[in-house]
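Quick one: this structure, given as structure tokens, is what I'll be asking you about.
Each chain gets a letter, A, B and C, in the order it is written, and its residues are counted from 1.
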Amino acid sequence: MEKKAGTLIVFSGDLDKIMASFIIATGAAASGMKVNMFFTFWGLKLLQQEGAKTKGVGWMKKMFSFMVKPGPDKRPISKLNMMGMGASMMKKIMKKSNMPDLKSMLTMAHDLGVKMTACSTSMGVLGIKKDTLIPEVTNVAGVTSFLADANESSFTLFI
Amino acid sequence: MEKKAGTLIVFSGDLDKIMASFIIATGAAASGMKVNMFFTFWGLKLLQQEGAKTKGVGWMKKMFSFMVKPGPDKRPISKLNMMGMGASMMKKIMKKSNMPDLKSMLTMAHDLGVKMTACSTSMGVLGIKKDTLIPEVTNVAGVTSFLADANESSFTLFI
Amino acid sequence: MEKKAGTLIVFSGDLDKIMASFIIATGAAASGMKVNMFFTFWGLKLLQQEGAKTKGVGWMKKMFSFMVKPGPDKRPISKLNMMGMGASMMKKIMKKSNMPDLKSMLTMAHDLGVKMTACSTSMGVLGIKKDTLIPEVTNVAGVTSFLADANESSFTLFI
């Protein structure tokens, strides 16, 4: 029988939504499914190295980059973020509940063979260079790559 | 012929998005489809009894619970909520348009046989106890249960 | 072989999310897929003619309409909108990156044969009249129409 597959578009850069996507992705991969995560727009901020500089891009892209910080530790939450206080509380709650943090989830997903693609179109728009991405990123590709994966999947989610 | 199925992850706790999910869920169930709703994170707040207390959980979980009120009547809207004024206007508009309110939609979904699952992982993180959930909840389960449903569905949505 | 299909529910009225949905929709249509876009709730604001008046509806619907402006040029972004400043920067960035604007994307989708349906239920709730919709709208229909499309699609997204 063919191996089932699932595809997730991670559009959001929010801690709570990214957590949800990794819980689904790692759960599916652990159960033997082929899993594709396609990171686009704000979701790309997760895949950027912390402190990544935006060299050679216009001031507007720099400003966007300044206002939405890169890296798993800098993710806000979608509600009650309150300048990061909510996100920080959420991370403490997760720790107390023995949940892995985002960095560990990224590693776990990578180790389980989850394909993590960075959307090339959004990288251009947001001024994100390939060499500022974390090593867990397996592909840099556009919408055609997503479509191929989605058409082979038993479910596709936009998160 | 096999009965078609649809699966919805209700992540959002916002009135407008929850309404959308119930319109889809009840519409699908009424047309003879098998429908699974998997409530996670902020979406769980809908399934909590109004005035539910958070006993035996840390102060951080209590504070989250205080700031995001439980129950169908306390849902904000995702835009223009303005401390509840927007949500209250939205509810009046729905009433004038002869739309059922969230409580009626919950009952309707239940009567149509929609499976409503509360996500056990998020319950732990948000400090939500099983005995504070409304009786319409049919299951308490984790991501594996969602995956089983999604793999049998003709569509799966993350709302 | 049967032509593959994809269905997108565009619930959001935010520039960044709408852009994402059109990039997916036009990409899929260009690759030969049948594509259905079902616009509901805030997503309907994209399909309204700019400056569309809300005649014959109550003051609450008028107020909602006033606060969420119609038309592709008036879309805010989901993060950092800052009274439109963020949206305006985003549009300049897109232009510099040689990305088409929303109006061009709408035309492109239409020319590629993407089916664009306006949700009749939401139109009632938000006080949007059929004659204020842009000509690219191919259908006005309810959830049953969406379900029929979703059940024939290889992927369905809620955006």
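The rule is short, and it goes like this: contacts are C-beta pairs under 8 Å (C-beta built on N, C-alpha and C of every residue); 3 or more make two chains touch, one makes a residue touch a chain.
Since we're looking at a predicted model, the values are computed, not measured.
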Examine where the copies chain B and chain C touch and state whether the two sides share over half of their residue numbers (same) or under half (different). different
Turning angle required so that chain A lies on chain B, C-alpha fit (0 to 180°, nearest 5): 120
Where the CA atoms of chain B average out and where those of chain C average out, how many Å apart are those spots? 25
For chain A, write out the residues touching at least two other chains, lowest number first. 156-158
As the complex stands, chain B meets chain A at residues 7, 9, 11, 13, 40-42, 58, 60-61, 63-64, 67-68, 121, 124-126, 142-144, 146-147, 150-151, 153, 156-158
Tell me, which parts of chain C touch chain A in their complex? 4, 6, 16-17, 20, 23-24, 27-28, 31, 33, 78-80, 89-90, 92-94, 96-97, 99, 154-159
